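These are the structures, in structure tokens.
In what follows, subunit A forms one complex with subunit B and a second complex with subunit C.
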Partner chain A sequence: MKADDVLVISNASKVFTMRRRSLKRVSMTAVDDVSLTVRRAETVGLVGESGSGKSTLGRAILRLLDLDGGRILFEGREIQGLNERVFRPLRAKIQMVFQNPVTSFNPTMTIGQTLVDAMRLSRHRTLKQKEQRALALLDQMELDERFATLYPYEMSGGQLQRVALARALAPEPHFIFLDEPTAALDMSIRGQIINLLLDLQRQSSLSFIFVSHDLRVIRYIADRIYVMYLGQVVETGTKHAVFESPHHPYTRALLAATLIGQGGRDEVRRAEMLTGEVTQRAHDFAGCKLYGRCRYATERCAREPQVLRAVAQDHWARCWRAEELARSGWLVKGSAANEEPLSGFRQVAV
Partner chain B sequence: MLETLREWGFFLGKRLAILLISLVLMSIITFSVTHFIGNPVYLLVGPRHTQQMLDNMIRDLGLDQPLWQQYLNYAGNLLQGDLGVSRYSYNPVMRDIRSRLPATLELSTFALLLGVLWAVPAGILAGSRPRSRFARIVDVIAQAGVSMPSFWLGLLLIYVFFAKLSWLPAPLGRIDRQYRTIAQVTGWYTIDTLWAGNWNAFVSSVKHLILPALTLAITTSPSTLRIARSKTEEIMQSDYIRSARAFGLSNSTVRRYAFKNMLAPVVTMIAMTYGYLLSGTVLVEIIFTWPGLGLYAVDAMNHSDYEPVMGVVLLSAGFYLSIYLLADIITALIDPRARVTK
Partner chain C sequence: MALVDIQNLHVKFHVGHDTVYALRGVYLQVERGARTAIVGESGSGKTVTATSMLRLLPPTARITEGRILFQGADLLALSENELRPIRGSQICMVFQNASAALNPLYPVGQQIADVYRQHNGGNKREAWQRAVEVLAATGIPHPEDRARNYPFEYSGGMAQRAMIAMALVCSPQLLIADEPTSGLDVTIQVQVLDLIQEVVEKLDATLMLITHDIGLVSAVCDRVAVMYAGTVMETGSVSQVLGRPANPYTIRLLECFASTSGEKMPFIPGRVPDLREQWQGCSFAERCPRAQDICGREAPAVREVETGHYSACHFS
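Right, the complex of A and B next:
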């Protein structure tokens, strides 16, 4: 653990057991041996399709659920297994923003009440000071003071998501888990929120985990990237490494999918994409979890579970053919669409 | 503040207007339906009548007037609190209803209370621990309650508690014969007996009330239970409860929030149940020979006696609508979204 590590997760795992109609117990590994580090003032991008364990990880970090194995160190302190009374003071330091701004607010409380509520742990502030801070936060989000008296249903999704950010900032956290904070918003609002996040990070050295399906957003905001598939990290590295030289077939497929229709050779990108869907069987399959959907799969992939291994400096992938694939060249390298895919964001920002 | 007052003014005004319009429509509908069904005159004059008797009867009852005129007469009387006269017993319908309403009110209110007292806490508990054994047991009970017909359950309870165990009196009316002379203040025996300070009479009235009330409580409470349960479950897993926890709000505060947000739909469901109970107790009234409105309406229907039927239907509609209004007001107090009128 280094001095500037804010959050260190090591070998986290979580298995959910469900009882099916047949009364047979079915277990599902939501998080499978995940290790992840977030440094101070850094944004970690977490990518993966639904069911890849991203949200479970987020809830574990916020201690809204317990892991089955592994450790979570927050600012050097083990938070797994802490009871609520001991952990509660730390809650102010760890915050979360949810994907759907509409459901993340109590419909019967005004925005002002919600913001004041979020400062429950700031015992050093009086109610008056909390109210003032709530207004100041709204102002920082470029929201008028009058929003404090409104109810959530009276606001738009974009406004609510900014309030959600204000709420997450209210207890002065060091780390915020952003669970697809822009997915429910339209394009122009998306840009605003993201720029707001970057400004905040610069001002107060905040650390983020930013979960998203949208690789273009990730590319814009993240410093380092973790790609997850069925609870496992399949590739991780700096943004540059992952985007410019993706080593894992899954990462390549994701990238190819986002670039279709952006000009250039779509047929090559289509070939790179996965086939089929995630099946329940993949969870207890012995070999590589991508087997069956991967165009590069061989007989060895079916037999042998894959491990995350270093493929370059600060770059890891969970595939024995990683180097071979990377050497074969990356089809979108140098294409015009890939140079500055998010150039639009700055322009729409207010 | 002014904004809020205006909002409330709009809200209440609109609801009251809807209530009045519904009542007028209801009176038109019941009036037309009962008058289209058939002419009761032949039943009234008996088999050995002359044309003269028939014509007189028709004129006396005003049935020779056009239908709209008949309705206006009826509505005019209605406004003066006159529901007409039963053509069978020649009793004023208002008086009949007034003497029978307390029996129905007492039974439905106790049934509702019994149901709510178990269904809401059980629903909340089951909803907070949806996978627990308790939740599963509650599900089974609710499922059983919903699938049992009330007349069957009533008979079963009578069989067990009266015929087999003899713990409770025979299902004949509201109180033992010797206490029937007790002074009528509210018409609710449970209250009047206490008012008179007659403990034995009170016990007797409770013993008579408990089985029909239980029957209705068991068969009508599952809907409230389901709503309470599913809403609690949904809210406890909602993002805003999650964030409330993440902000370090205590468990009791989180539970208070969840309870408040669960309340609105539950109140609506309770109101619906109450409305149903006031008009839907007929079968249970028959089984327990409970002298309530349901029995009265059924008797009247069997005799093609319009006025009591219309009276009971209108009264039930009025009750339904008032209870809904009350539920709407409570909902609006809890949930700001419900106040918005568009």
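Right, the complex of A and C next:
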């Protein structure tokens, strides 16, 4: 553990057991040997589709569930197994922003009350001070004083999400888990939330985990990226490494999918697509979990479970063919001559 | 003659004591064989426009003005009985949340077979056979078994495939796809879009794709209409609207999509106007960087900025 590591997760795993119609117990590995580090003033982008284990990981960090294995160190302290009384002071330090701003507020409380309530653990503040802080936070979120008297239903999604951010900041956290905070927002206002987060980080060296499947947003905000598939980290590295030189077939497919229709050669991107869907069987498959959907799969992939290994400096991937794929070029960089974005995209970007 | 010609469509909703003016004079033409995208953010009226065409609006809604011509006949003037043969067999809709659009109490194959019999007749065996065929055609593995499954046994992507299969069984002239990929994983989205394109091609049908994702537009469509607060702001070919946007709203929206790096991520300040209110001027005036006095006073007329490219703005 280094001095500037805020959150260190090592070898986390979580298995859920469900009873099926046949009354047979079926177990599903939601998080499979995940190690992840968040440093001070850093944003870690967590990317993956449904079932990849992102939310389970988030809930474990917030101590909303217990892991079956592994450790979670927050500022050097193991938080697994702490009872609620001991953990409570830490709760102020670890905050969360949820995906859907509308359902994450108490509809019977005004915004002002909600913000003051969020400072319940700050015993050293008088009510007056809490109220002042609530207004200051609203101001920081570019919302004026009158919002404090409004109820959630009187506000737009974008405004509410800014309040959600203010609420997370109220107890002066060191770390915020942002669970798809822009997914429910219109494209035209996503930028506002992202910019606020970027500003906050510059000012107060907060650390974030930012969960999203919107790679455009991740590209803006993340410093390092973890790509997850069926509970495993399949690729991780700096933003630059992952975006410019994706090594894992799953990462390549995700990037290609977001770039389709953005101008340029869609055929090349289509060639990276995965086939089929996630199947129940894939969870417990002995070989690579992407086997069956991956177009680069060979017989060896079916046999051998893949391990996360270094493919370059500060860059890891869980695929034995990673270097070979990366060398074969990447659809964005590799064919620069043919990559003419639609002129308007370029024009308006100026 | 355009296959679909929507003229001056006004729709309002009665919600409690409030009236929400959802559509405020929508004009839209869809040519036969075209693939038209309707793009807009939440509350822009894109879904209301589409559901008005099938007259599937909720009971709180009322169409107060306008005409929807389909092959020259006004859909709004038809009786429920006259409309029924058009719904499904000539105009088909694929909904946003496919799992919720299927009946949870019947096997998926049964539902497709029922639709087939409703429009084509035939006996149950034949209809079932046909249902299995279309499920196979939409790429569902083991279609014979899958046809007997209930919707909850389908994943989101498969449910959407089944919805498309249902459209396929009717061979409609117009397929309306309302956010067909939202809620699906990114890698599945591409598969579903490919399937929709394939089906449209096979049926030689016209496609209306409703989406908030501009990325999909250029991948799938050749025409696009941009909506904002209940009106159409700009229409034209994809290369015109995305390549040479004329309307300030489109320009700002594209900025939000296009940028991938920089100090600040672009956004449009302000918020969408309250649809319970009525106003005189341009609906984007409050957020528009180019707005002048006239924009607050007068609703802009639609003008042709180049052949086939229209924009509703005083200054475009």
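Quick note on the criterion: the second predicted complex is superposed on the first by the 333 of 350 C-alpha atoms of A that agree within 3 Å, B and C clash if a C-alpha of one lies under 4 Å from a C-alpha of the other, contacts with A are read in each partner's own complex, and residues count from 1 in each chain.
Criterion: a contact is a pair of C-beta atoms (placed from the backbone, for glycine too) under 8 Å apart; a residue touches a chain by one contact, two chains touch by 3 or more.
These numbers come from a predicted model, not from an experiment.
Q: Between subunit B (first) and subunit C (second), which does A:291 come into contact with in this model arrangement: first, second, both, or neither?
A: neither
Q: Between subunit B (first) and subunit C (second), which, if any, makes contact with A:92: first, second, both or neither?
A: After superposing on A, A:92 lies in contact with subunit B but is clear of subunit C.
Q: Quick check on the superposed pair: does A:120 touch subunit B, subunit C, both, or neither? Answer first, second, both or neither.
A: After superposing on A, A:120 lies in contact with subunit B but is clear of subunit C.
Q: Decide which partner touches more residues of subunit A, taking subunit B and subunit C as the two options.
A: Partner touching more subunit A residues in the overlay: C.
Q: Could you tell me if A:277 is touching subunit B, subunit C, both of them or neither one (first, second, both, neither)?
A: The answer is second: A:277 touches subunit C but not subunit B.
Q: Between subunit B (first) and subunit C (second), which, if any, makes contact with A:210: first, second, both or neither?
A: In the superposed model, A:210 contacts neither subunit B nor subunit C.
Q: Is A:226 touching anything from subunit B or subunit C once the two structures are fitted on A? First, second, both or neither.
A: In the superposed model, A:226 contacts neither subunit B nor subunit C.
Q: Considering only the touch criterion stated at the top, classify A:191 as touching first (subunit B), second (subunit C), both, or neither.
A: Touch partner of A:191: subunit C, not subunit B.
Q: Touching subunit B in one complex and subunit C in the other: list those residues of subunit A.
A: The overlap between the subunit B and subunit C interfaces on subunit A is empty, containing no residue.
Q: Going by the contact rule at the top, pick out the subunit A residues touching subunit C in the complex.
A: Touching subunit C: residues 49-50, 156-159, 186-192, 194-195, 198, 213, 216-217, 219-220, 253-254, 257-258, 260-263, 266, 270, 273-274, 276-278, 341-349 of subunit A.
Q: Name, in rising order, each residue of subunit B that touches subunit A in their complex.
A: Residues 238-240, 242-249, 257, 260-261, 334-337, 340.
Q: Where on subunit C is subunit A touching in the complex?
A: Contacts found on subunit C: 41-42, 141, 155, 157-158, 185-191, 212-220, 239, 241-245, 251-261, 264-269, 271-272.
Q: Show which residues of subunit A lie in contact with subunit B when the two form their complex.
A: Within the complex, subunit A touches subunit B at residues 59, 62, 64, 88-89, 91-92, 94-96, 98, 100, 103-109, 117-121, 151, 153, 167, 171.
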